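Common to both upcoming complexes is chain A, partnered first by chain B, then by chain C.
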Partner chain A sequence: MRFRAKIVDLACLNHFSRVINTIAKLAKTCTLRLTVSKLYFILSDKVANGGVSMWCELCQGNFFDEFQMEGVAAEHNEIYLELVPENLSRALKTAQNAKAVKIKLTNKHCPCLRVAVELPSLSSSSRIVTHDIPVGVIPRRLWNDFREPSVPDFDVSIYLPVLKTMKSVVERMKNLSNSIVIEANLSGEMNLKIETDLVSVTTHFKDLGNPPWASEDGCQSSAQGRDLENMAEARIDIKKLQQLLAGQQVNPTKALCNIVSKRIVHFILLHEDVSLQYFVPALA
Partner chain B sequence: MPLSARPPANGEPYVLAASLDNARHLSSLLRAVHFQDHATCFATANGLRVTVEDAKCIQANAFPQGGAPPPPPPPPSPGPGCCWRGSPSPALAAEIFQEFAVQEESVTFRINLSVLLDCLTIFGTSSLPGTSTALRMCYRGYGYPLMLFLEEGGVVTVCKINTQEPDELLDFDFCSTKVVNKIILQSEGLREAFAELDMTSEVLQITMSPDKPYFRLSTFGNAGSAHLDYPKDSDLMEAFHCNQTQTNRYKISLLKPSTKALALSCKVSIRTDAQGFLSLQYMIRNEDGQICFVEYYCCPDEDITEAEL
Partner chain C sequence: CILHCFLFLLVFGRAIHAIARVSDEFWFDPVEKGLALRSVNSSRSAYAYVFFSSMFFQRYCWTAVSQPCQKEKQLSLPCKLIIKSILPVFRCVNVLERNVEKCSIYTNVNDHHITFQLLCKHGVVKTYNLTFQECDPLQAVFAKHMCPNILKVHSRLLADIMIHFPTSQEEVTLSVTPVKVCLKSYAEEDTGFSKTMLTEIQLNPDEFDYFQVGVDSEVTFCLKELRGLLAFSEATSVPVSIHFDISGKPIAFGIEDTVLEASFILATLSDVEKETASQQPPCVSQRQESNAEAAASKKPRWNGNAPNTESAKPTSPLAKQEIKSIPRVAKKGTTGVAGTAITEAEDRAVLEGEATESLSYFYKYCIFQFHSLFFGAVCYKEKDAISHTFHSLATPSDAEEDFGSGQSSQV
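Moving on to the complex of A and B:
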């Protein structure tokens, strides 16, 4: 098993840091899956996470100038690591003006991702700051736990409103209630609602648009033939939604959610070279 | 038929209806009195007053609509003109609402101020240039929730906040004719002092006197005592009418929240009566040039006897 990669371009480095910051806000611990062409940050739905799951996919070519990976075996040319993304995020914070960042999988005393940040210096020799981030190597027999979740058979798919507005509203609502109801219909309308003994607040978004999903067999059966005004709704943990929105530092190219009434809300946030899917189950 | 049961004259179901182009004018004012979770709202055709109290010793009032009680008639003194002489001119009475209608003689309810502020700022507190949150506020009467309709950029938020029985409010009986000492200061002079008050001191001692030190703020904390003196001819002093040397102590924890009102204000009037009750009146000008008032009343600390300097 070998992995070494290098980023030299500052814009790529900042972009990569932003992605890691977003992941760090969503998961305390997650799985990093390395393949020849992609990196994946995966959180599988365990009770400990409150049942949320996450799938984030990056093309390595868009970030790394050098990328060499040898998996556990020839027929399974992948590496699965368990790590705390906050550690990686903190290491990258030192790299804001770096000349280069090298990441390497090492196993001196225990498996680590060694992040070496080469910083500019006034003298001819560079300064290098090295962070050793402990990781756990996930054995092949457990790889099945981390398969890509399928798009659920949703009732409504709708584009999200301007994230800045949604974030402000959800942050305030979080002060007032632990859970939030997201409801949306196929006429581009979405409502965010909270209701407690003290107060009820509803925010109405209109003209959001509904994404056209290419019809695969049976995939859209719930959504087809549906009354356009009919709302699909799910009550979810408001903190999970707030964490998702708080982690978005740049506006995505596309942001949408799929709602399976009373079951699950599936968020998809697409940037140019990163896709993030976040599944939040409905509360009982 | 008692007034409350009579349907409003023009058929509107609301006993209180108000609208405001920029909700921030209201939320920033209410933040200046937000040191407890609950507030009592009192509305008449003349205006709106929001009151917050603590420990039966301190009361803060915000006046987004209608003025603070008129300032006291000035004691005879050859001092320079003070713009607060006499009743406030119509320009000084706050009118931040574009529409304000009360259908009963008076409307009173208690409400959770923290929740109200979260609702008023639902679209965030930072202002993008050119955007503001429009507000419509409606109240059907006793037993009904307060309804807020907020709109920004085409997005509408509807809030329903439950109301409660109004508390009985303290009447400080701070009569303007019983004022012993009064000064009016520009707020910028006091802001730093209040922000840096030694909070290890239990009390804030205020001395007002026709003789030196004229106006002194003192604290007695773990590291020692601190005194801040303002001479009566200071540039910051807009009016100085002190007839008697008075030294009074107030629990610092009760007065600290007034720092918020001070931060927003351009001027503050500080008055004490014969019993040492303190009245602080803050004149606040918002970004549209409208003027509102916030006042704080505080009882002197009874545990400590007056100390002579």
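Moving on to the complex of A and C:
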């Protein structure tokens, strides 16, 4: 098992750092899956996470100048590592003006991702800062736990409002209630509602637009033939929504969510070279 | 004594904050030449000293009030303050600079008060009356000039380096060879599968303003207490000098310019874990021996003074020698007379030291020996780690246990 990669371009480095920062806000521990062409940050739905799951996919070519990987075996040319994304985020935080960043999988006392940042210095040789991030190697027999979740059979799919606006609304609502109801319909209308003993607050968004999903053998049939005004709703933990929104440092190219009434809300945030899916189950 | 001064708030405030990182209380010691602030942490593994010369202040008036008490004439009256009472005064140093036009400090020995008065904008005057407690002087003696390794670096560089370590990082290890400097986070070996991220920074000797490595060494010390000094040195923009030796011996971070001087002396982790089940002959003799031979190889200063090792008392040549070699840290604030008094204290204390040696606190860290008149010397298990070159000349306050009582601040 070998992995080494290098980033030399500052813009790529900043972009990569931003992705890591977003992941760090969403998960305390997650799985990093490395393949020849892609990196995935995966959080599988366990009770410990509150049932949320996350799937984030990046094309390595868009970030790394060098990328070499050898998986556990020839037929299974992949590596699955368990790590704390906050550590990676911290290691990259002070690499803002680095000459180069190298990431390597090592196993000195225990498996680590070694991040070596080469910084410019006043002297002839560069300053090198090395961070050893402990990781856990996930054995092949457990790889099935980390498969890409399928898009649920949703009732409504709708584009999200401007994330900044949505974030400030949700943040204020967070002070009042622990759960929030998201409801939306196929006419581009979405409401965010909270209700407590003392107060109920609803924020209405309209003209959001509904993304067209190509129907594959009619599996989206539940969405077709649906009354356009009919709201699908789900009550979810407001903190999870807030974490998702707070973690977004750059406006995504596309942001949408799929709602399965009373079951799950599936958020999809697409940037040019990164896609992030976040599944939040509905509260009972 | 009456002390009356106006001061550069930012720098003074940062000094207070730096000292606050070491301990909750500090010694406020105005002397003729200036104002000395000192503090030591509870485990005696960190000592902070900041001295503002009278020129630092816009106005500095110090009047000696001689008190006919005790055997020595105390011309200065050191006193102890709880730092928590003074921190609010200097809480937001940045804001302070903008709003406060003048700050003056008055002391009145008779009613045991120190008054900080801030004259702010718009005619607002804030007055803080803090009660202090008289106490014995606190001082550490550390022979910087005896350190084989000396680095001088601008505080900006140090800050740039420290930023790579998380704020929660407790301890770091500095390791030097003549061609390489490396600073890395330190984690206890016995954490098993270490879950913590370890950071290491490699620097080139070129980056230092002054670089002298006499002996390859690796010293581990507490970063937390140091951060205060770093912030302080950034405020003063005076370069920081680092004096150290091998592991187990203290490391001193200091800054110095014409109007102020600061030293933060931190204990370092000793490699030698082995316990002295064999409690050898008194600390004293061991010390002297190791000192004599160590000294002989380092500097000619100490030679010829091999004290009689078996005796229970330190020989007077030794004692005198110490006084002679008082490094600057100790010199300020002590009068000649006090010096003599200290010798006496030393004599007595060493006796006590031996008596209580069997108490042997097992300290992994050892910084310097406190000879206490009141509660026995603290002896360290690693005899090698004990360096003769630094003795504290004074006792910590006897009121360690009961200083809580009667110490109140009317803020």
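Here is the rule we go by: the second predicted complex is superposed on the first by the 283 of 284 C-alpha atoms of A that agree within 3 Å, B and C clash if a C-alpha of one lies under 4 Å from a C-alpha of the other, contacts with A are read in each partner's own complex, and residues count from 1 in each chain.
Following the convention adopted for this analysis, a residue touches a chain if its C-beta (ideal position, glycine included) is under 8 Å from a C-beta of that chain, and two chains touch if they have at least 3 such contacts.
Just so it is clear, the structure is predicted and the values come from calculations on it, not from any experiment.
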Side-by-side fit of chain B and chain C on chain A, or clash: clash
Touched partner set for A:N175, first chain B, second chain C, both or neither: first
First (chain B), second (chain C), both or neither touched by A:T94: second
Partner chain in contact with A:H131 - chain B first, chain C second, else both or neither: second
Contacts of A:S123 with chain B and chain C, given as first, second, both or neither: second
Which superposed partner A:F205 touches (first chain B, second chain C, both, neither): first
Overlapping contact positions on chain A, where the chain C interface meets the chain B interface: none
Of all residues in chain A, those that touch chain C in their complex: 87, 90-91, 94, 109-110, 121-125, 127-134
Residues of chain B that touch chain A when the two form their complex: 112, 114-115, 118-119, 121-124, 152-162
Residues of chain C that touch chain A when the two form their complex: 163-164, 166, 193-207
Chain B contact footprint on chain A (complex, rising order): 161-162, 164-165, 168-169, 171-173, 175-176, 197-207
